[in-house]
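Each in structure tokens, the structures are laid out below.
In what comes next, chain A is part of two complexes: it sits with chain B in the first one and with chain C in the second one.
Presenting the complex of A and B:
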């Protein structure tokens, strides 16, 4: 095959590519069909209801309309401990304009007392949810700690950060981006 | 999918490892081709280094510029190791600009340099496919074909495997120079043309495409535009070559 023939082949590829692009266009019906609840960027965050450390319950789907940061942590995990003050600081700065943070403690691998003592020591003011049987961490396929899910106002996961500690700038930039979006 | 490997207190990101290996092996192909084309191997390595460093720095700076108030208040955040705070487009453009600036300053011949980079880039595209397979990114659209993979709670096209397969085919065309190139730089243009053609075709099987007006997939539209440029360049260079040989 010489160059001229290659260029001709590519011209045919262009014509077929144009037709293919039109044929493979995504219709609104297909878009809806691709929506599912999976712990992955671009999908709806799997729903859960958990008890809170201070009493009461939290249900993720009740928080639609707000930007949600779900942070999986334990009190014995060093990077979780290191990033907690940064999360608290960002929460205090943005809670009044629509940020909700759920500190999701993997209580099955931790203890309620240790979690409470640590949260109190850091001065955490956001709700701490207790995953007593690992059901939510399994649902979110958490394989490393800490893991953070940034969820937009529509309940879609927009960013997942595995490992840490996250710096305050990282958390702030993710949260600000989502808060600036229209509902 | 195999996104992470825990090694004691460290969390090894397997997709990044695949890209690193792809880069490393790809670089050996580049070095070999640079020598064959009579280019200075060290200068080509430096060009890649500048491109890589510029790309990483640019990706972080462009991301930070989008959230300027955050990074002005916390400038140390710029040094974060997180790959989640990078702007891929910013990194790509600034990386190319940095490499181009180095090449211009050191008078590297553009077309020959692009030809030298081609086998390495072609191998790196295989690594990109592998990294997508490991991370679960670039996943396919739901389907019921017999070879569908169950991923992200649905049976989907194994789009990452398609990607690897086509990248391998392009690599086996590009490396042994199956298609003759009558002019310098032609081999690079051939590689780009083949790669975007594959992308236009494969994008239709993706479940995570960025959509533009009326549901058109952005990658396909950009691919078509790039393919037009490639065809124009191929025909133009071919014509110049023809005229030169007629004069001789």
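Presenting the complex of A and C:
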């Protein structure tokens, strides 16, 4: 094989490789959830229904089509308390374009009164769900507080942050990224 | 045997965790003293690979080891027979200490 034919062959190989790279690329919106509901990134968020502090209840699977931040917290946990105003601020900024926040209180380790007093003090306007028997905390295998799950419009967990406090910039960046994805 | 309890002031459950650890050590006949390590900020949390308050280490190994991408100040919770608590029970600590001796 002379140099000219070799160069031509290499050029075509390069072009075909580039075409393959482009057509086989998976966009975030095309990511498919891995099988089953597991509280890990890439898996469908386990479903739950919980009572809300202000009455009524919330079911996670009813929120498909929205970006959901589930934040596990207690009123006695300092980093939970510290990050709550930042979560509230991001919620207010993005709730009208598809963000839902569920403040999931580990009520079995807290008290409804303390949770309510703290939420009122911070001026929380997003729903506070009460995990009265630890069932959802167990389901999500929570090992530290706070823990936050960022869930996309298809109900897939895309990011988990254990510990805190999260800064407003971090929350905003994760929420914006998910809101920009196609449904 | 080097025994450490890592904590930060904000999470009150470390005090019960310490009492339970003392009981577990006594019941297992372990006389080693407990080194209290106070984690003050995010930098120290990262240095210590702090999994939350309270955490229990024996010879540098966390009794409930888990991998994290980011280490920060947090309140650790444990799945106990009575549900999720801010500390492990005496029996849970005994089991872990016992398994180290095997």
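Assume the second predicted complex is superposed on the first by the 149 of 183 C-alpha atoms of A that agree within 3 Å, B and C clash if a C-alpha of one lies under 4 Å from a C-alpha of the other, contacts with A are read in each partner's own complex, and residues count from 1 in each chain.
One rule holds in what follows: a residue touches a chain if its C-beta (ideal position, glycine included) is under 8 Å from a C-beta of that chain, and two chains touch if they have at least 3 such contacts.
On a predicted model such as this, the values are computed, not experimentally measured, just so you know.
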Field: Which superposed partner A:97 touches (first chain B, second chain C, both, neither)
entry: neither
Field: Touching partner for A:143 - first (chain B), second (chain C), both, neither
entry: both
- prompt: After lining up the shared chain so the two structures overlap, which partner does A:42 touch, if you call chain B first and chain C second: first, second, both or neither?
  reply: first
- prompt: Who wins on chain A residues touched, chain B or chain C?
  reply: B
- prompt: With the two structures laid over each other on chain A, which partner does A:74 touch: chain B (first), chain C (second), both, or neither?
  reply: second
Query: Of the two partner chains, chain B (first) and chain C (second), which one does A:163 touch, if any: first, second, both, or neither?
result: both
- request: Scan A:15 for contacts with chain B and chain C and give back first, second, both or neither.
  value: neither
Task: Answer with first, second, both or neither: which of chain B and chain C does A:117 touch in the superposed model?
output: neither
- request: Could you tell me if A:106 is touching chain B, chain C, both of them or neither one (first, second, both, neither)?
  value: second
Statement: After superposition on chain A, the chain A residues reached by both chain B and chain C are 78, 143-144, 161-163
Field: chain A-facing residues of chain C, complex
entry: 10-12, 45, 51-52, 64, 66, 68, 70-79, 83-86
Field: In the complex with chain C, residue positions of chain A that touch it
entry: 74, 76-80, 106, 108-109, 133-134, 137-138, 142-147, 161-164
- prompt: For the complex, which residues does chain B have touching chain A?
  reply: 3-4, 6, 9, 11, 63-64, 66-67, 70-71, 73-74, 76-78, 80, 82, 84-85, 136, 141-142, 152-154, 178-183, 186, 190, 193, 197, 200-201, 203-204, 207-209, 211, 214-217, 220-221, 223-224, 227-228, 230-231, 234-235, 237-238, 241
Query: For chain A, which residues are in contact with chain B within the complex?
result: 1-4, 6-7, 10-11, 13-14, 17-18, 20-21, 23-28, 30-31, 33-34, 36-38, 40, 42-43, 78, 143-144, 159, 161-163, 166-170, 172-174, 176-177
